[in-house]
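Here come two complexes built around chain A, the first alongside chain B, the second alongside chain C.
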Partner chain A sequence: MATPAFTFTPSTFQKLHPAEFFRRFTTEGVRPDGRLLDAFRPTTVHHGVISTANSSAMVRIGGTTVVCGVKAEVAEPKLDAPDQGYLVPNVELSPMCSSKFRPGPPSEQAQAVSEAINRVLKESKVLDLKDLCIEEGKAVWVLYVDAVCVAYDGNIFDAALAAIMAALKNVRIRKPTYQEGTIKVSGGSTATDENSFTLNLARAPLSATFAIFDTTLTILADPNVTEESISDGQISITLDETGLLCGVTKIGAASCSQSVMRDCVQSAKKRTLQLRAIMSQQ
Partner chain B sequence: MATDRKRVAGPESSVAPLVEYPIDHQPWTPFTEKRHDSHRQPEDLRPIYLKTGLISEANGSAYIELEKTKLTCGVYGPRPVKRAGQGFSDRGTLNCEIKFATFSCVKRRGTMRDAQEKELSQILSQGLTPAVRLELFPKSNVDIYITVLESDGWGSCVAAAFTVASVALAHAGIEMLDLVAGCSASYVPTSIPSTTSTSSTSEAPSEGAGSITPQIFMDADLEEEKFQQGSIVLAYMPSLNQTTHVLQTGKAEGAIISQSVEHCVEACNKIFAVMNHALLESIDQKKV
Partner chain C sequence: MSRLDRTRTSAHQLRPFFSSQNLLNRADGSAQFDFGESSVMCSVVGPAEVKLRDEKLDKATIEVVVRPLVGLPGIKDKAREQAIRETLEPLILSGLHPRTGIQIVIQTMKDDGSILATAFNATILALLDAGIPLKSILGAVTCIVDAETNQILLDPTTQELANAKSTHTFVFDNKSSITSDSKQEDKEAVEVATLYSDSTGLFSEEEYFECAQICYKAVQAVHGFIRTAVQKKLEKEQQQIHS
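After this line comes the complex of A and B, so read on.
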């Protein structure tokens, strides 16, 4: 007697054997959402979306949406750095953007992304913190840069970093006057070059993230949430506006050869150029 | 505030700088007999922009904009309750959580949920529960998460939260008895009593000594709320003509309150049309 053959609808097959379902596409050089293996999802950047913030930006990479707002406040500087201000980036992954995140304190992923972005901003010396000094030893500016993920569909690092850089580019802070322990700024009227200043960013790093699939030796650009969950590892390449590397992060158990790394860096260069063009269009 | 070890740390405490206005600065006051946005009449609402489906991972989602008030809502569920040992209940539960983004208000808000947000979450749950058919999903929970991206008036935030949550629930396909529309109004005095006629900012003629009948400003924004004597937020089910929640604060005479409730009900009917339009658009999109 012949053994019955099992047939599944595509959606059932995807649930039962996600990796195999995926492999059927990648061997043909495409992915389930129709993209080529090295294609990034359509990206949009909008500036100045939140009027209560000193500066803001919204970045959409496919289904991932991040809104970043910058708020400037005044604080006492650290004792060992009396003329330096603070730059405090944070990424919020709330339960609203995906069911992966539970309510409560930031998840490990949120902490990891926040720390990764903090490292990029600090080590690349994007902003000279001395520019944020108001009165040495007494008062400095604190820039709280909060990126809130509104919708999550993978690749939060690229979207959050792009939103943070887009917001930092346009920060406008009122010029402060220091008077007997209080900081005063002028109110009313619109912010102009006379009563406010913008930040002088030394570098503008942007990133491109790739997912690694060990068994099939494929590299996918800009993984979405399904691809992230079945990938074996990820590489993020961060480059500044001159094409110099600001950071390379490889996480996960997958291994990749040097030629693969070089290909990723080349692809990242093209992607970050494209991203800068999108950011300056607005 | 305790140091939050799970976030990138800033300084222990920071303050916003003092804002000094120039001498010739003339802030808006209600005594000019016009609203903050001079194109609006006292009974006019701000135009509403409502869109569904912006969060692909959620079962239902919606985004609302009332000019400068922006909220997003994601609905997850019905999904099984984690702790089934809490005893069998033949009705599902509705859990609502609202969070203001740190940059959403003029003064930076904290990253952890404060008492105001917890209270608002309770208010929203109470206002939405009567409309949802919870008996259809026992042992399950529906989670509603709202993030306020920008806030221009506390009353309008609460009202918009009701509206956006209902639309997101409908988008998620959760059966409801009716949509819940939210509307807010402020009681703002538009003239100064005669006892303070020496004030140089008064331009309008003063009313009778002592009592000032405040004017009802529908959907007041932040600048108008600064002068308010009281406010009201109403959550209303338009098809059933039933109110699910009323939140009145401040002082006002009974007549003013009933008048404002009538105005809010009328406004909710208009908002209902906008909500329906947004949901119909989302169905058309799905067909495509």
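After this line comes the complex of A and C, so read on.
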């Protein structure tokens, strides 16, 4: 007598063997959500979503939504750079955006993404920090750049960096006035070209992230949360408007050849061009 | 063509290596690795008990803790923890020790640049010292593109890092060298396979791939050094057993 074969509904099979379920799709060149392996999810960018901030932006990449607000405050400069202001970027991943984040101190992922963005902003020299100086050694502008994830569906790095760059492009800071030795920044009337200044960004780096799946090292562009959980590694490529690289990261999974990295760079170039078009449209 | 680091004459010269193994008597494995004046110590405890919530049914749970030279750990150290853990996940044969934990603690002892690469090398030596089963070893090295001369300098010191236009850290395993041997007839650039790559700053695609090539050649020396270090340790242990 023939033994009965086990059959599962697709959703059951996905829960029991997530990687195998995924492999059935990738061998055909697609993913369960219908995308091709090198396709990025639909992206939208909205500016000025927070009226009380110096600048803000909201970026949606598929199901991942990040809102970024920039607040400028006056502070004492750091001791080793008395003529420079500074940026304090922070990416927040709270239980609000996904049940995989627990309440409490920032998770390792949030800290790692914050650090990655901090390095891109600092080492690609996005901003000349001397522009943020008010009075050398006494007062400088510090920009608190907070990127809060409100919905998490994978690829937080791309969404957070895009939101931060979109917000930084439109920062308007009130010019301070000096009264009897103290610095006053008026909050009253609307910011105009006379009483405020905008930031002069040297470049606007944007990124494209890819997941590395399986022993075949299949590259999946813009992974969603399910794809991230079954992938072994990630490749992130950050480029500025001129096509110069501002960051390349390959982490996790087995060794990847140069040709894989080259393909990712090419794909990233196309994606960042597309992203810049979206950002300038809104 | 002189570097800011006067002890070296060539752009492609690494600082002298130094390593020491089995230094800590309370850890299963420990090692210290130095790139010149940069020194990192690593301790490995495992396979050991792991908290129930961190337990994995089919693999060992790898935990990495990075402690900086001074002060409390910050986001930079958390990012390094993630980098080292994710890089070691495919190398450690964690399936041989399910429902256990392997804890790796990395402490910077002296900082003169290239700390991440030094940490990677110290970690692999400590894992070998602890006898954790591995698929292959790894070797790491950092290089920069100098802002003034546009030269690629290997294994930069803190002073050289301050003048860098871009900084690149590469980690290679010792399996990709097997495929390169078969391409000896092909005098074109060897297809290098990177285990971990982290580059920041401003650089072109060509600079990135050239840095990868140069670092790949330098890492062969690191692999050789690791092999020699473990060999010497085993010879010394053999002598102690027989004496």
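Please note the rule applied: the second predicted complex is superposed on the first by the 275 of 282 C-alpha atoms of A that agree within 3 Å, B and C clash if a C-alpha of one lies under 4 Å from a C-alpha of the other, contacts with A are read in each partner's own complex, and residues count from 1 in each chain.
By definition in this document, contacts are C-beta pairs under 8 Å (C-beta built on N, C-alpha and C of every residue); 3 or more make two chains touch, one makes a residue touch a chain.
Given the structure is predicted, the values throughout are model-derived calculations rather than measurements.
S.K.: If chain A is used to align the two complexes, do chain B and chain C fit next to each other or clash?
M.R.: Superposition check on chain A shows chain B and chain C fit without a clash.
S.K.: Who touches more of chain A, chain B or chain C?
M.R.: Of the two chains, more chain A residues are contacted by B.
S.K.: State whether A:P103 touches chain B only (first), chain C only (second), both chains, or neither.
M.R.: The answer is first: A:P103 touches chain B but not chain C.
S.K.: Which of the two partners, first being chain B and second being chain C, lies in contact with A:A253: first, second, both, or neither?
M.R.: second
S.K.: What is the contact status of A:S114 with respect to chain B (first) and chain C (second): first, second, both, or neither?
M.R.: In the superposition, A:S114 contacts both chain B and chain C.
S.K.: First (chain B), second (chain C), both or neither: which does A:K125 touch?
M.R.: second
S.K.: Between chain B (first) and chain C (second), which, if any, makes contact with A:I230: first, second, both or neither?
M.R.: In the superposition, A:I230 touches no partner, neither chain B nor chain C.
S.K.: How wide is the angle at chain A between chain B and chain C, using CA centres, rounded to the nearest 10°?
M.R.: One gets 130 degrees for this angle.
S.K.: Once the structures are superposed on A, label A:M261 by its partner contacts, choosing first (chain B), second (chain C), both or neither.
M.R.: second
S.K.: In the superposed arrangement, does A:V70 touch chain B (first), chain C (second), both or neither?
M.R.: Once the two structures are laid over each other on A, A:V70 reaches chain B alone.
S.K.: If you stack the two complexes on chain A, which partner ends up touching A:I183: first (chain B), second (chain C), both, or neither?
M.R.: Only chain B is touched by A:I183; chain C is not.
S.K.: With the two structures placed on a shared chain A, what shortest C-alpha distance in Å links chain B and chain C?
M.R.: Closest C-alpha pair between chain B and chain C: 5 Å.
S.K.: So chain A touches chain B in one structure and chain C in the other; where do those two contact lists coincide?
M.R.: Residues 111, 114-115, 118, which sit in both footprints.
S.K.: Quick one: in the complex, what on chain B touches chain A?
M.R.: Of all residues in chain B, those touching chain A are 4, 6-22, 25, 27, 54-58, 61, 68, 70, 72-74, 76, 79, 97, 99, 101-106, 108, 111, 143, 145-147, 149-151.
S.K.: Can you tell me which positions in chain A touch chain B when the two form their complex?
M.R.: Counting only chain A, the residues touching chain B are 49-53, 56, 63, 65, 67, 69-71, 73-78, 86, 88-90, 92, 94-100, 103, 105-106, 111, 114-115, 118, 142, 144, 146, 148, 150-153, 174, 176, 182-189, 225.
S.K.: Using the touch definition from the top, list the residues of chain C that touch chain A in their complex.
M.R.: Of all residues in chain C, those touching chain A are 75-76, 78-79, 81-83, 86-87, 89-90, 166-167, 172-173, 175-176, 191-205, 208-209, 212.
S.K.: Across the complex, what residues on chain A touch chain C?
M.R.: Spelled out, the residues of chain A in touch with chain C are 108-109, 111-112, 114-116, 118-120, 123-125, 232-233, 240, 244-259, 261-262, 265.
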